[in-house]
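Which chain is which? They are A, B, C, D, E and F, in the order written, and residues in each are numbered from 1.
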Amino acid sequence: MRIAVVRERAAHERRVALSPEATANLVADGHEVVVESGAGDSANMPDTAYADAGATVVADRAAAIGEGGVFACVNGPDTPELLAGLGPGHIVVGVFDPLWRPAPVADLAATGAKVLSLDLVPRSTRAQAVDVLSSMATVVGFQAVLVAGARMPRLMPLLITAAGTVPPARVVVLGAGVAGLQAVATAKRLGAVVEGFDIREEALEQIRSLGANSIDLPEADADDAEDPAARTQRLLTPHLAEADVVITAAQVVGRRSPTLVTDAMVEAMRPGSLLLDLAAERGGNCALSRADEEVLHNGVTILAPTDLASGSPLSASRMFANNVVNLVRMLCTDGDIHLDLEDDIVAAMLVATGGAVVHPGVSEALDAAEGGSDS
Amino acid sequence: MTLLVALTLFALAVFLGLELITKVPATLHTPLMSGSNAISGITLIGALVSAGSDHSTLTTVLATVAVALATINVVGGFLVTNRMLAMFQTRRKRDQ
Amino acid sequence: MTVPDLIALGYLAAAVLFILGLKSLGRPRTAARGNLLGATGMFVAVVVTLLDRAIVDFRFLAAGVAVGALVGALLAMKVQMTGMPELVALFNGFGGAASVLVAGATFLEVVDLGNVDDQLAVAAALTALIGAVTFTGSLVAFGKLRESLRWSSFAGLHVVRAAAFVASLVLATVVVVQPASTGWFWALVAVGLLLGVLATIAIGGADMPVVIALLNAFSGVAASTTGFVLDNSLLIIAGSLVGASGLILTQIMCNAMNRSILDVVFSKAAVVQSGSHDDAYADGVTSTSAEEVAMLLEVASRVVVVPGYGMAVAQAQHAVRELMTTLEGMGTEVVFGIHPVAGRMPGHMNVLLAEAEVDYEHLLEMDRVNPTFAQTDVTIVIGANDVVNPSARDESDSPIAGMPILDVDESGTVVVIKRSLSPGFAGIPNPLFVADNTLLLFADGKQAVLDIVGALLEG
Amino acid sequence: MRIAVVRERAAHERRVALSPEATANLVADGHEVVVESGAGDSANMPDTAYADAGATVVADRAAAIGEGGVFACVNGPDTPELLAGLGPGHIVVGVFDPLWRPAPVADLAATGAKVLSLDLVPRSTRAQAVDVLSSMATVVGFQAVLVAGARMPRLMPLLITAAGTVPPARVVVLGAGVAGLQAVATAKRLGAVVEGFDIREEALEQIRSLGANSIDLPEADADDAEDPAARTQRLLTPHLAEADVVITAAQVVGRRSPTLVTDAMVEAMRPGSLLLDLAAERGGNCALSRADEEVLHNGVTILAPTDLASGSPLSASRMFANNVVNLVRMLCTDGDIHLDLEDDIVAAMLVATGGAVVHPGVSEALDAAEGGSDS
Amino acid sequence: MTVPDLIALGYLAAAVLFILGLKSLGRPRTAARGNLLGATGMFVAVVVTLLDRAIVDFRFLAAGVAVGALVGALLAMKVQMTGMPELVALFNGFGGAASVLVAGATFLEVVDLGNVDDQLAVAAALTALIGAVTFTGSLVAFGKLRESLRWSSFAGLHVVRAAAFVASLVLATVVVVQPASTGWFWALVAVGLLLGVLATIAIGGADMPVVIALLNAFSGVAASTTGFVLDNSLLIIAGSLVGASGLILTQIMCNAMNRSILDVVFSKAAVVQSGSHDDAYADGVTSTSAEEVAMLLEVASRVVVVPGYGMAVAQAQHAVRELMTTLEGMGTEVVFGIHPVAGRMPGHMNVLLAEAEVDYEHLLEMDRVNPTFAQTDVTIVIGANDVVNPSARDESDSPIAGMPILDVDESGTVVVIKRSLSPGFAGIPNPLFVADNTLLLFADGKQAVLDIVGALLEG
Amino acid sequence: MTLLVALTLFALAVFLGLELITKVPATLHTPLMSGSNAISGITLIGALVSAGSDHSTLTTVLATVAVALATINVVGGFLVTNRMLAMFQTRRKRDQ
């Protein structure tokens, strides 16, 4: 099988979909790997490393994409130029977020290529080997804390020194998915006092399993008329008011991220504290956050970086690449790729084939979007 | 041997028996039971004297049956204990 | 030295050998030697007994020994491993019967001679009763374990049993008061035999090991009382040693099952933990205790620890590190096998073990640890489930089929520490739990590991 | 006693010499504290906080400095404008680095003010309460690792995941003073494999006392003709070649920082790795580092930030302020300040009084500088 | 029941009481009861003995008992707490002497009657030797502990001792071979007395508790051999119980001191660590053992741990946390007192204790912990020195004068764990080490804490 | 009592003594030593018989001294043990 990888074109993107190590694995499996020159530069993976691993390094994108085979990318091609060259012979593998942004995938589907979106992988035990959301969220959670630590005006750990006692920073993490949990763990490592919150009961246990405190909201009375979301916000406010850093990482698959932190909640926070919104790609968890911008509200700094995974491009790319290799291995029988729709993982991630979008969720999203644009 | 000396021996042996066994891993419960059961076949030596003495036929018969039963207990008991422990031993040998 | 002196000396030697033997039998390292010591003691005792002047005719005696040895050896050598406990029960019954017969024979003889004293009568009565109960009780236990006996409780059992018990006491008194009428003696034996059956008939198969242990103590007591009948110091000593240590063993076994002796004897149903959870495992689960795990670890030369989400929930990482240092202090090799998806976030185990200062060198990834399980004596799975579920490897229709797992089942013994039989994240049953070489330690992960460390330090 | 504090004028400086908490302490001791408006803004300490603590907030610098009393600053005034207003009635307390940069202090001395340089405090047990080098180095060491973590292309900790195993980053720290040790500790917390080096034997033990590995160079043969510095460089090279991050923090009091990392050593490092030189203020430990600039050499990024303490301005300012309070308490008897030259701490830090430089070391440095400019 | 039967029954009862007493004495909860059981056993034994028909004249006997009881009671009630061990030694010597005298008296009597047999002669000779050694050995131990005896080793001691030993063996043989010449018996006693002195003279005061334990076992053996002389079962049983359990206790005490019995007996000098270091402390330092610290902690209700650079060097943070959890498990309040400059970098202790997952709530800064020392039972200073040096507070000319320190010396007992008497960073001596309420535990910080935890878990 | 019975008693008691004491906390070392030392004063009952019998003057004197010494051992021993344990007890009480 021919497997192609190119330099990512998105702004701020420093990752690449295949690493030299992954290339070596694929080559050992009998595949042919073609790499666009410079594809790994921003992730500190030089062309020579790919070549050493057995890849063919070609000068331009078109040559890399070739006539068919697997085309692995981090961000889906979303402009006509980037779509050029793709056709029915291709299997395009990448993170397309098609439930949230269905339009680009529709364009891609139109080329006739088979489209597998890695972010649609089910969150099952068996699928974890190909789950890029998990691996990328790991990087994001870690980087988030480093960024917060570097940006906030205080130190993280408790230090009892001759120049006085530096109290530990208080870090609150809202949304304890993979990224949130990793943020909890990293902040704990740095000595912060960490509290975490999630709507899922298990996630609260998972927060505690990292030695951090979970914010356990009291049961609502049955006859409580308060809106659950408003109630949660009310109950979280005192925790935020105490915090030096708030990291939000709550997401809902394919939907706008829930708003957990309202303007009023930000205003309840201490001047000088920091809010890091990791859900900015789908609207953010904080009403005030602007993707990739820095907002200062009432003395509170609000960051909403969407490129944190690119903060550790080498590790992130390697993990991404391993997910891709695991996927190729999962799909391959006898050196060739077969899309076995009986397999729940394949079925879940196949977005388009034969020029049409076949994924029911994505189709719905497309319809909704068209409906939306109609009105 | 007077009764009181016999009772003294009994008392000492009981205390000793109570002290000897403190913590036994579950793996050894059955072997220990089996081994001590074989020891309780000590009644064999009483049976031997009875069976070998010049007594009435009835007692000799009874005693001879007792010898046979007690011997089964003793011989079988020690052998079966040995087999159990051998299993245990091989498991441990293998790793050395 | 006179012959009686020689005999007495031999008996002393035998007693010492029995003491040492019993003590050694309780420890894994010395158990085999303990059995040998016991056997040697018995050999010494038999040999010096043959010097006894009272023995004038060796024919019956030889015949009895020959038959007994043959039968005993055959039974012992041919039995299947799984059949051993019931064989022990059978042997035990024979021992009890032998005591009854010896005491009976001597009693008859002495009555004949007309010089019965109180001591002898009391001892003989006790032997008759205890020996007879031991005999039939053991036979019932044997039958129940072989599953060839399907008797169980019946209405009024309590009443009948109590009646038989009272009858036995009355008869025993009569024997002591009127020793000359030997018929009472045999009547007592008969009631004893009945009582043995009644006492054991209602007890379930799961409790049988405890019953056998108790009957084993009984047969020791019977031997001891026989010693009083015969005025024989060795019988007294050996019998009471076995009686007392047997009682302790019974107690230990009850504790391990979390039951009291009385519960067992009066057949109060045990609260079966497994039952309440998953029927997927039926009876197949073998549970264990921290002490037992410590014993296993003591003789292990390589141990792999496989942590999972449960270690995190229990926050057991520090305890686990303590276990590691303790074992390493004993010269045992310890490594951690880390599955890529153990825990609930990527690197979950790493974060915790790093916090507990477990060196990176101790952490082996799946690919590196898997080939080593075959050379591993004990694998301790603490709060992991899905990542050690062999159905991923062995059953193609499992929801996690094809996921690479840690092949812990290849190691000598697998100890799984978890609180119950409830499943892991994937929600599927785990055949590992019923594997032959798996022991389950039901407890909170942290407490369990601390208990194991405690037991290791004490041991 | 009147104690004045102003807004720092140095570029990138976000610290301030007194915190509201320290102010409250001084006021409680019976002192009068005067604060220039906005002095604490960059450190997230608003004027209101000072006022609440009992300080008088005044509009401009001149008003704050007043006619006399203690004038506490982080960086010494080094321009004519900044020197204006200071006179014999003042005791100026700050970090002047007079052994390395004697000229500004000479100008300050000329105003007639008494000058106490906090960086000259002896490194004795008793003096630690006023030792700003220690407290600031603590912040620097911590920040250095956060910056390194955010800047390097890899993650720090070992993570065994479904997307492959991320090996731990290797961090080498050269120079295990306060900053170096804090960097060692912080990198260890984040899960890196840390090695540390220092020429002092005790420092190597201190590195190990943090659970990290010390780089123990083999004893040199007696008849070894190799230059000791060159030998050290040779022996360190393989460690650097393995490293993902190198943090250098070797200093010598009042002298140019020793060059520990040569060009060749940088070239031996892996592309994509990072070198953070914390000694840049006095020339740096790496031949290639440029203060506050980013240098890319052979794929190795070399950073030499001099403002890392300003990275946690709040904590740093609080610690600095506590040192100042401790100093004031040490100097005060009956509410007034007496410079007891019998006290080794006072003697060591007194640079100038009565219009003249009185510190022998500083005088020497001045002479040398003049000599230097003469030649 | 006949009188001899009654006596025998009384002896049996006494034996059982002794067994139960000894067993109970080994457990904190039951120790007081154990002592009572033993005393009751003794009372029973004495009372039934007085029934003995052989006793025809109660005058001397009563006189002896009266004098003995009076002296014993007076000594026991008036002794200072600190004088108890030496009193035990003295009592023990008396017991040994009594055995010699009883055996001697009986031996003389029987020789007079002309019916000495081998058993008696052997037993008498053994009693003479062992009892005599016990007597003088105990007296020497008593003297050494009171520090009224300043004898010590002398050149040639080994030779003289060996000679006395050989002589005693020769004499014992002669006594057995020629029992009729009773002079040999007393000669044997004389050599035994000498041997007792020679055997103990060279042993240092620190080892004396072990020696007393050993001599206690000896006096048990002497009682037992006296039993063989008198053909008295109770003496045999009680004596050998004490002999055997005394041996085990000796072994336990040796283990606790990390020495072997032979080292002690042949007075191999213990490696006294403190001597080699600083003369600044002269003899004023009281050193301690992990067991003793554990004992102190067992009864403490509040413990403060003060870590310093030494904890970091020893990487003892995990062990210290274990100590914390163990103590908290016992219901003891534990906090850490963190001095601002402890360690070698700001926050050094914080980094390490955070790694070991000691909650921030457990860490008290200097200002918060200092007022609490007066309510603290035990403060454990692990590898801290300068930060707990009271000279900073008390001596105005100290190089660290005026530095605020942790006032650990205000707590009930201070245990300082360090490897030697060498100074800390500031390089100055620390008067804390010679304070009355300070105990020094010389060891690597990690090992010391682990040992303390081990002792706590065992206790 | 024959020698061999005596030896048997001796053997049993020795084994029992060895088993009785296993782990003793350091606090109890001295009390245990003291208490068992008092028990070893059992030689007193031998002394009593000797002193009370109708023997020669020498033996009576020896035996009477023995009675006195043994009584000191017994009475003093139990009392001093009791005092030690009482201290221990109060300390433990205090914290409960």
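Operating definition for what follows: contacts are C-beta pairs under 8 Å (C-beta built on N, C-alpha and C of every residue); 3 or more make two chains touch, one makes a residue touch a chain.
Everything numeric here is computed off the predicted structure, so don't read it as measured data.
For the pair chain B and chain F, chains touching both partners: C, E. Of all chains, A has its CA centroid at the greatest distance from the CA centroid of chain F.
Seen from the Cα centre of chain D, the chain whose own Cα centre is farthest off is B.
Interface note: chain C and chain E, two copies of one sequence, contact each other through mostly matching residue numbers (shared numbers exceed half of all numbers used). Mean C-alpha positions place chain D and chain E at a centre distance of 56 Å. Centroids built from CA atoms put chain D at 81 Å from chain B. Once the centre of each chain is set as its mean CA position, chain E and chain F turn out to be 17 Å apart. If you average the CA atoms of chain C and of chain D, the two centres end up 69 Å from each other.
For chain A, residues touching at least two other chains, in rising order: 128-129, 134-135, 138, 157, 159, 161-164, 166, 189, 191, 211.
Counting partner chains per residue, chain E shows two or more touched chains at residues 19, 23, 233, 237, 340-341, 346-347, 351, 354-355, 357, 458. The set of chain F residues touching two or more other chains comprises 1, 5, 8-9, 12-13, 15-16, 19-20, 22-23. By the definition given earlier, chain contacts exist for A-C, A-D, A-E, B-C, B-E, B-F, C-D, C-E, C-F, D-E, E-F. Against chain A, in their complex, chain D makes its touches with residues 14, 43-44, 46, 128-129, 131-132, 134-135, 138-139, 142-143, 146-147, 149-150, 152-157, 159, 161-164, 166, 186, 189-191, 271-272, 299, 311-315, 318-320, 322-323, 326. Across the interface of their complex, chain E is touched by residues 157-166, 168, 191, 193, 211 of chain A. Residues 318, 321-322, 355-357, 454, 457-458 of chain E are the ones that touch chain C when the two sit in their complex. For chain E in complex with chain B, the touching residues are 5, 8-9, 11-12, 15-16, 19, 23, 233, 237. The touching residues of chain B, counted against chain C in their complex, run 1, 3, 6, 9-10, 12-18, 20-56, 58-60, 62-89, 91-92, 94-96.
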